[in-house]
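Next, two complexes with subunit A in common: one pairs it with subunit B, the other with subunit C.
Right, the complex of A and B next:
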């Protein structure tokens, strides 16, 4: 009963967080100085179409309607909430009118996920493995080299690292493409091959940067746990080192790392804006960037709402499953 | 039986070696409870680790010899080894009871697993279910319910955790159990229970129990023999009752003299000063700077630990 109560409380706070987030997402762009309707009108007239005042008023009215901008802010807000809750529809993109926002997101999502999920998981597994060994035997030469590498790479600003990689491997030694360009019909072998080929450099840049963080954090954990009394006691019980490492230290060290991983996966719905811009990668980050540049309210709201929901969901899931991983948190 | 001969053990490099155990000769007999007493920093924990063969964290033996000879009462087989290879005997021939604290047991592992994972192969022959049954019966003997096995450490009280630690050490029927301040963090009621448990185990297994404690009361009640450590040396060793009745070394005398007695009025007399630094111990007797009976010779020559009465040795020039 107590457990059910805890889950219910957690679910309520989940809904509240999302509601608050969506509210902020709705209001902030409306206080921005650019007016998407006027921008669209300017775009139309700049393309050479001539409109008299009546025509342009009519167009303005129909655009305002289509963009969901008619009525007071409160009416707009009410319509926005109704639409999202009932249909998950964020309306049409303003810049790429009339393509629906949901369709744009659906197109970008697999790209971002393919790239970020793979690289995050690789970095996580590799970083934790290396960090664990480095923390367990901190005086070994290999441990020192790995830790040194992590410490050197970790503080390099991401955009510099990505630029350097891109210059090295696309320009000086051009083995990878500079910008993503995909060939072949969807889901053929040639297509998948070219996707993978295009993703290696951005993935490598992400792995390198995140790897350092995992190494450093798990190494600190491991060193501390290795000095814990239970590690010493396990050793005095005559357990072999390997067993102490895998049964006593690893399960304790990995707990905070799982929390971080879940948060990272939630944040993936943001895309990785810098990566995607630098490598011209057609993912969510790129989409968010375009939305900001073009004052595309709907697209911006759509992408940001998605990432709010994703992070809230990830934290909720981790909160709900954490007691299964750590008995100390289990409801008694 | 374990014999220590002129053992020098400590930390650091050969150039800057701090001997926490300095030239100690001591015999730990079969079927006895030996107490090691002394204040913090006297080297009793290092002595304990040397006895157990736990050379980690920079502890090194710089001289002397530690040999062990253990006879299995069931098979009659004798195992001989020296401290450098005691590791192979851990949780088989010898086991260890740590000072109880919240973090001695792995916080996210069930108790059963933490008992089982230390066991030697011979205990696991009968299969999992049989082993669990035996563990349940064994724990029941110490008033621990079956539910303990499926609990995590944080679900047990401090006393229960300590009883679990004693049980883990005793389950393998070792010839030697080392207990390092096993009751220090517990209240007196629980303390008594743990100590009785240790004594009972020793009487049943007829093995050796070495008990390290700074609490002389504990030694008086439990141990057959007691060794008093001061500044890295054993200054007195003998049958416990005899040592308490008739202490030879002035340090022992001062320790016992400082114990409160029922009905006695007035303040207890303490010793002036503090123990010397082990990094640069004084010449001669290490207790001399604080000794009320010290004379010129005490500051020049270090007195050897010599038998002054049957089985009762002290390291003092005069007594």
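Right, the complex of A and C next:
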């Protein structure tokens, strides 16, 4: 019963957070000095289109309508919320007219999720494994080297690491593609191979950083847990090291990491945006960048609203899974 | 045994980090005053030179001296990071203390804002801002936005500490002996969060510089001022990599990597030290 109450509270705060985020996204353009409609008009006329006053007024009116900018602030806000929450419709993209923004986002999302999910999982498994071993024997040379490496890698932002990796493996020693280009019919072997090949460098830059964090924190946790009473008891009972590590220490060392992961998702998403832009990886980050470059207002509002919803949802899912993983919370 | 070992690791990290940072402070806060000309100006030097005595790190495609440009970039990045960290920590500590110590509706409202801001990815909002400001954000606006997104980190942590402190005996004693609230907060609770706040301050310097850099690397920060990120952006834009002018890209990249490592060493060293102090 108590668990149900907790879930309800979490869901309410999830809705409130998204409402707050969308409100911020709604009001930012209203306070910015540039009017998106005028910017678009200027762009059209700078490309050589000649319009008389009546035509440009008509264009102005239809752009105002397409951007959802007609009516009072309150109606605009209501339309904005209705567009995003109720229908999931962000209007048509202007740069790729008349493709709906929602369709462009639907194409980009699997790339971003695929990249972030796989690289986080790989980093999680590797980081826990190495961190656990290094924490178990903290004074070994190999443990120290591992921690040293982790400390060097962890503070570097993904995109800087991505840049270094692309300098090393695309320019100096060109074995990986500089920018992503996928070929082959969907879901054939050639297609999957080219997706994996194109994803290795962006994924590696995320894996290394997340791996670094995991090694640092799991090592610290493990060293501390190894000195607790229950580990000493297990050792005195004559249990093999491997069993003590996997059954006694690992579950306790992992749990705090999950809460940390929930807090970290926003930052990871930030990092993946820039990494995607640098590698021209066709995910959500790249779509945001295209929207900025082409002045595609609907696409910009759509992608940014969606990234807020995505990050809030991912955080909530982790928070909701947490009680299932931690028996102490479940039992209460 | 344990209690002695922790500060040792901590002070090793602190020492290494501070040494590295000292180099960057000299490079970024003192050397820019000695730059012969404004290093942003084009064609003040011959183009595409390699490293030499007159141009320590060579020159760019646009005839800028890379060494002096780098010192200016460091200067702007460091100052941005420091200002962001200062105000974020200040606001965060105040808000956290207020929320944790007074409780009630103030706590609920502040906690909601802190949680909501923590959940919202800051970079998309910054990109939105930059796009609407015509693809350019001036450094003060970037700084303001970063402060807005970074105060909740210290805020939440300080609130948690203040919540546990409220139940401690000596706070009650102070309370019953008629100490005013601000004195209890300042004299009795603040010392407990000072060490942690210092670590967080350094960490926020890192986050601030990193976020501005990420904005700049994709060309959305200020083009009027040099920062590490804009330096990387222009180097990439003018195909420094294809032309194999690795110094132009490499210098700012190496600089920022070393700076982040030193900041991380300092903040984790401080954190270890304050944790050890609390035990001992």
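Basically, the second predicted complex is superposed on the first by the 299 of 332 C-alpha atoms of A that agree within 3 Å, B and C clash if a C-alpha of one lies under 4 Å from a C-alpha of the other, contacts with A are read in each partner's own complex, and residues count from 1 in each chain.
In the analysis below, a contact is a pair of C-beta atoms (placed from the backbone, for glycine too) under 8 Å apart; a residue touches a chain by one contact, two chains touch by 3 or more.
Values in this document were obtained by computation on a predicted structure and should not be read as measured data.
J.: Of subunit B and subunit C, which one touches more of subunit A's residues?
T.: Of the two chains, more subunit A residues are contacted by C.
J.: Looking at the overlay, what does A:15 touch: subunit B (first), subunit C (second), both, or neither?
T.: So A:15 meets neither subunit B nor subunit C here.
J.: So, A:235: does it touch subunit B (first), subunit C (second), both, or neither?
T.: first
J.: For A:61, decide between first (touching subunit B), second (touching subunit C), both and neither.
T.: A:61 sits against neither subunit B nor subunit C.
J.: After the superposition on A, what does A:175 contact: first (subunit B), second (subunit C), both or neither?
T.: Neither partner.
J.: So, does A:251 touch the first partner subunit B, the second partner subunit C, both, or neither?
T.: First partner only, subunit B.
J.: One more residue to check, A:42. First (subunit B), second (subunit C), both or neither?
T.: Neither subunit B nor subunit C is touched by A:42.
J.: Which of the residues in subunit A come into contact with subunit C in the complex?
T.: 13, 16-17, 20-21, 24-25, 28-29, 32-34, 36, 39, 151-152, 154-157, 159-160, 163-164, 167, 171, 216, 227, 263, 266-267, 269-271, 273-274, 277-278, 288-289, 291-292, 295, 300-301, 303-304, 307-308, 311-312, 315
J.: Over in the complex, which subunit C residues touch subunit A? Could you list them?
T.: Subunit C reaches subunit A through residues 2, 112, 115-116, 118-125, 127-135, 206, 210-211, 213-214, 217-218, 220, 232, 241-242, 244, 246, 249-250, 253, 256-257, 260-261, 263-265, 268.
J.: Which residues of subunit B touch subunit A in the complex?
T.: 52, 54, 56, 87, 90-92, 95-96, 98, 101, 103-109, 117-118, 152, 154-155, 168
J.: Applying the document's contact rule, which stretches of subunit A touch subunit B when the two form their complex?
T.: It comes out as residues 228-230, 232-239, 243, 247-248, 251-252, 255, 325-328, 332.
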